[in-house]
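Here chain A shows up in two complexes: once beside chain B, once beside chain C.
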Partner chain A sequence: MDNTRTMTEHPMLQIKNLAVDFNTARGQAHILEGVDFELFPKEILALVGETGSGKSVTAKSILCLLPKSLSQSTGEVWFKKDNLLTLSNGKLQKIRGHQISMVFQNPQSSINPVFTLGEQISRLIRLYLPDQIESVMKLNNCSRKKAIDTIAEERLNEVGLTDVQRLLKSYAGQVSGGMAQRYRIALALLSSPKILIADEATSALDVTVQAHILKLMREICQKKKTAILFITHDLGIAAQICNRVAVMYSGRIVEIAPTEDIFKTPYHPYTQGLLKAVPKLGQKEALAYVPGMIPDLANPPKGCRFHPRCTYTMDVCRRRKPPMTAVGLSHRVACFLYDNHPKPRKVEI
Partner chain B sequence: MSAPSTTTAHAASMPRPLISLDRLHAWFAYDKPFWGKVKTWIKPVNNISLDIIQGECLGLVGESGCGKSTLGRAILRLTPLTSGTIQFQGHPIESLNASALKPFRPKMQMVFQDPKASLNPRMNVLNILKEALVLNREVDPEHHLEESVRLLSLVDLRPEHLFRFPREFSGGQQQRISIARALATNPRFIVFDEATSALDVSVQAQVISLMKTLQHQLSLTYLFISHDLSIMEQVCARVAVMYAGQIVEVQDSTALFNAPRHPYTKALKDAVPIADPLHKKDLGVLKGEVPKLSSPPKGCHFHPRCDFRQDLCQEQEPAPCETDPNSWVKCHFHEQLWKQGALKDH
Partner chain C sequence: MILFLAKRFTGLILLLVALSTLVFFFTRSLPGDVAALYIGGNAKPEQIERARIELGLDKPLVVQYKRYMERLIFHADMGVSLRTHRPVFQDLLEKIPMSFELVFWALLFATLGGVFIGVISAYHHGTPFDGAVKWFTSAAVSIPIFFLALLLQLIFFNILGWFPLQGRIDSFLEFTHPIAHVTGFSMIDTLITGNFQAFFNVLWHMVLPVAALLVGPLGIIARLTRSSLLEVMQQDFILSARASGISEPVLFFYYGLRNALSPVLTVIGLSVALILMATFYVEMIFNWPGIGFYALAGIMSLDYPAITGIALMVGAIYVVANTLTDILRRVIDPRIK
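Our next item is the complex of A and B:
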């Protein structure tokens, strides 16, 4: 995989200062606060963080999928000269699924249980690929229905599904989790999207099934040139398939860097703690962990949101929000430790 | 790599099994007709013989649907058994009825995967703990409050948490309340059924370190069920690998990961994504799907997915073969594979 990408390339998706507030019974909760990152073509970017750090909210707000009555999003999400946050619903509908598609965590529950898998995929084929249906009809001299079936079979084979005829007649509950997730990925790729957002796409699956899906993701990225935003809490996945990693903590991105860099020299104290907490094969000694808990988002700590759990807390951390500082080539970190004098605090991993 | 060294812990004190399973079967009727015989049986626990040694933490890994949880529940007699024996501290408990089981129930506890679902949302922590404390005859009902405070302090929670409700806690705290509830009856044996799978890595690390401390403090015996191989070595000294209703390998955990003896263990190990970008793996080596528990393949259950299968594997079920004390593997060709080094990392 190409990790020595020059960051002068034009980003596919650029998120600037994205903030999301939720209205709750206890007042406004600042779920996201100034999220900045970009997704380049042909890359897999991992968005990692604990539960409640705002990973999924980030993904959903990119496509404006959050309920408007409960939340306000501010900031900019640039995709092909459009700020998605200001687009009308009609225009967004042309982007959702067509150019940016999404795969969710639980495959079985994101497939309609009352229609067969065949009915659902053929509906999308009619919507996204009318030209291809025509050409297959002419080529094979067959009916429209036959043509759709042919395309469905071809697309499902691409994601490694076999025995497609049986699959098309089944309902969501009749297939295994791994098959359902492959099917979902096939649906998401039907329109040849520019960006695929995978929201914990393998978290509900077994390691063996997960391994297949990850391999598939790698192939999609390489063959179809789709940029993938892979949201996960598993740093192992990030290390295995992603080019870059963005670490989120309590609604902010605290560190973003190429995968090798972040695992070799994590700068932010939170990243360091997170990496130490990952269980590894062949490691017997006790796991370290970051003491304390993630903050209450309705009433977050002032300044750096990590300061109550941080071992290097300084005065300034309590007062001001740390800006993103570049500490290396395309390695940025939001921490006052590196504000003026970048010196990495290495951890033994 | 050197041959797996048997840990001195096993040899030093002659291991005494706390729980001993012998040819345990727990089958479910899939299509029970009103009249006549059941045609299809689902066999999540199919002929399992296993010893759980006093004071150890035995890990149980496998893919979902291989029968891990059913085995855990069967040991605690929470699931009807078909045949086989279970001995708890030397007493056979497989055929006891509900009232005869009563003295044993408090000694065996369980912690479930989803802490939110396993705590009653309408009870505060005190009531949750009290409910379990009633079973503990050693504690006077008058002292339930003090005992609850003590239990909370064992799991690093504070007395003021007693009057809060489960929803007011984070996932890690809820799981600690579940552990406190399990400890309330003063058990000897606890089954952790995917107890840390729903938690974040950093919270998981906290809960695991708590579990280990408690095990030493209270000299407990654990059965730790998980699908996650990478935490096994942290938690357990010995690990059993389960596939399609059967245990295929039991090994010292370090040996299991350094030198697996069963092809399935090797495949499972290879599927774990490791947090090291410099060590990229060829993911997804294991082909095919988990077999149906109603009709597992003939012979060795793993043979359709095995790279090393031979004709014998399709016909005859392998017998468990002891490799070290308290370790065994169920594979016809494990010695051959071991000599060839076929299961080693390249």
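Our next item is the complex of A and C:
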């Protein structure tokens, strides 16, 4: 992957200082505090982090899917010429699904159980592809319903689903997890969106199915020129299919770099800890882990949120939030260790 | 589906047998001399004795029970009413359509109105409108029905004068435009005979009793629809559909509602029984010549064949209504299979 290319290109999606607060019984929880990153055309960016680090919240707030009564989002999410956070509902509807699609973790529960798969896909075909329906009708000289069926069948074949006619008459409860996720991906890619957000899209599937789905996603997105924001807690997946990796910790991106760089020379102490915790084949000694727990978000530590768990904590870490600093070509890290000398410390991997 | 229906049908039969047994022994254990009631006041002791033999009351209870069940099962004969001196079955057939008209309209409007109000208030949840609906539904559920009926009469007859006080049709229309007896349902009979004047008059008389019947079920259905729908709107598939660019009204009325309807349908089935019981008071208050009126008169005069008949009928209607709602639930929600 040519890492320099991304720096010169104009980003497809730019997130600036995104902060999300949730109202809880114990007061405001600061789920996100200043997330910055950008997604370039056609790239696959992994957003990795442990449970509760704010990956899913980031994904959902891009499309303003968090309930407004329970949360406030501030900051900017630029897509084309619009800040999505300030768009009206009507305009958002034209972007959701049409230009930015999303696939969620649990494929079966994200399909409506009381409508057949056919009813659901044809509704979206009518919503996204009115022109294509017309042209298929003219081409095949057939009815609207037949045209929609033709498109549905074609798109479901594309994601490797066979016996489509039977599938279209089935309900969510009657198909396997792998099939359901293929179906969801077909729905998400119906409109050939610019961006696909995959929120733990393969985490609920078993490993072989997972591998197939990953391959499928990468291939289709290459063909359709769709960029992917791939949210996962699995570093292995990130290494397999992503161009760049952004590591999240407690509501912030702490390190972002091309995949190779981050695995070879991780800078942030948290990234280093995470990589050490990846199990290796044939490993004899006990698995390393990052000590401590993810902080209480209603009452997070001052300064750098990682400082209570960090081995290199300095005075400044307790007082101020570390800014994002460039430590290499398209490699940025939020840590005071690299304020003056951009060399990674204690890389023992 | 066939298996399900067969099961339900057997259940219905068993329930009716159990119910008739229960009602038989219950009515027989009530105090009061049935034969004396049957023959009327000022009867000589030997006349009463003859009536007792005629009714079979001199035989042991077990023999009476056997005879009663045989007649009921093989001849649909529920005995002769002690009050009207006509076969109870015939009385019921005549009265049921009148009540059925009230129950039908009340159920229809309670369902449509309740579901609609429920969806709208779920859509606007947390707003003052939603608060007002909550307040209204609480009041609707908790107001005693006889009080509501009297209140309606007071407001709409006494003060405003918009609707008639009671009865099914204006008494002069009974002579000028009598309702022909075809099906027994006055709305249908007046329509097919082209008796529009009577049709609108009956409709006009129906408004207050139907209103009194529907308020309670409407409140329950509205509340349940709201809470059931709000729960469904938290589900993954709604989030997923929202992320696909589906508009909020479509999400609520199309994607969410069908999921939310299953518990609502159950309650609608139960409402049938609720409304049927409520007609007992409402028909009394509005002097509506239906089954409720007949039942109350029967209970007052210890007319046990009539009481038995009504208990059986209410039980049967209840089971049939629940079976129907179960079938509907299976149609709208494939998960139930």
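Observations on the model:
FYI, the second predicted complex is superposed on the first by the 340 of 349 C-alpha atoms of A that agree within 3 Å, B and C clash if a C-alpha of one lies under 4 Å from a C-alpha of the other, contacts with A are read in each partner's own complex, and residues count from 1 in each chain.
Note that in this section a residue touches a chain if its C-beta (ideal position, glycine included) is under 8 Å from a C-beta of that chain, and two chains touch if they have at least 3 such contacts.
As the structure is a computational prediction, the values presented were derived from the model and not from experiment.
Of the two partner chains placed by superposition, only chain C is touched by A:Leu124; chain B is not. Considering which of chain B and chain C touches more of chain A, the answer is B. Using the contact criterion defined above for the overlaid structures, shared-chain residue A:Asn141 touches neither chain B nor chain C, since it reaches no partner. Applying the stated contact rule after C-alpha superposition, one finds that A:Val290 touches chain B and leaves chain C untouched.
With both structures placed on the common chain, the touch criterion links A:Ser88 to neither chain B nor chain C. Applying the stated contact rule after C-alpha superposition, one finds that A:Glu50 touches chain B and leaves chain C untouched. Of the two partner chains placed by the overlay, only chain C lies in contact with A:Met102; chain B stays clear of it. Once the two complexes are overlaid on chain A, none of the chain A residues touched by chain B in the first is touched by chain C in the second. Listing the residues of chain B that touch chain A in their complex gives 63-64, 170-172, 200-206, 208-209, 212, 227-231, 233-234, 254, 257-258, 267-278, 280-281, 283-286, 289-290. Chain A meets chain B in the complex at residues 50-51, 176-179, 206-212, 214-216, 218, 233-241, 259-260, 263, 273-275, 277-284, 286-290, 293-294. Across the interface of their complex, chain C is touched by residues 63, 65, 69, 89, 93-98, 101-102, 104, 106, 109-115, 123-124, 127-128, 171-173, 184, 187-188 of chain A. Residues of chain C touching chain A in their complex: 126, 235-237, 239-248, 255, 258-259, 332-335.
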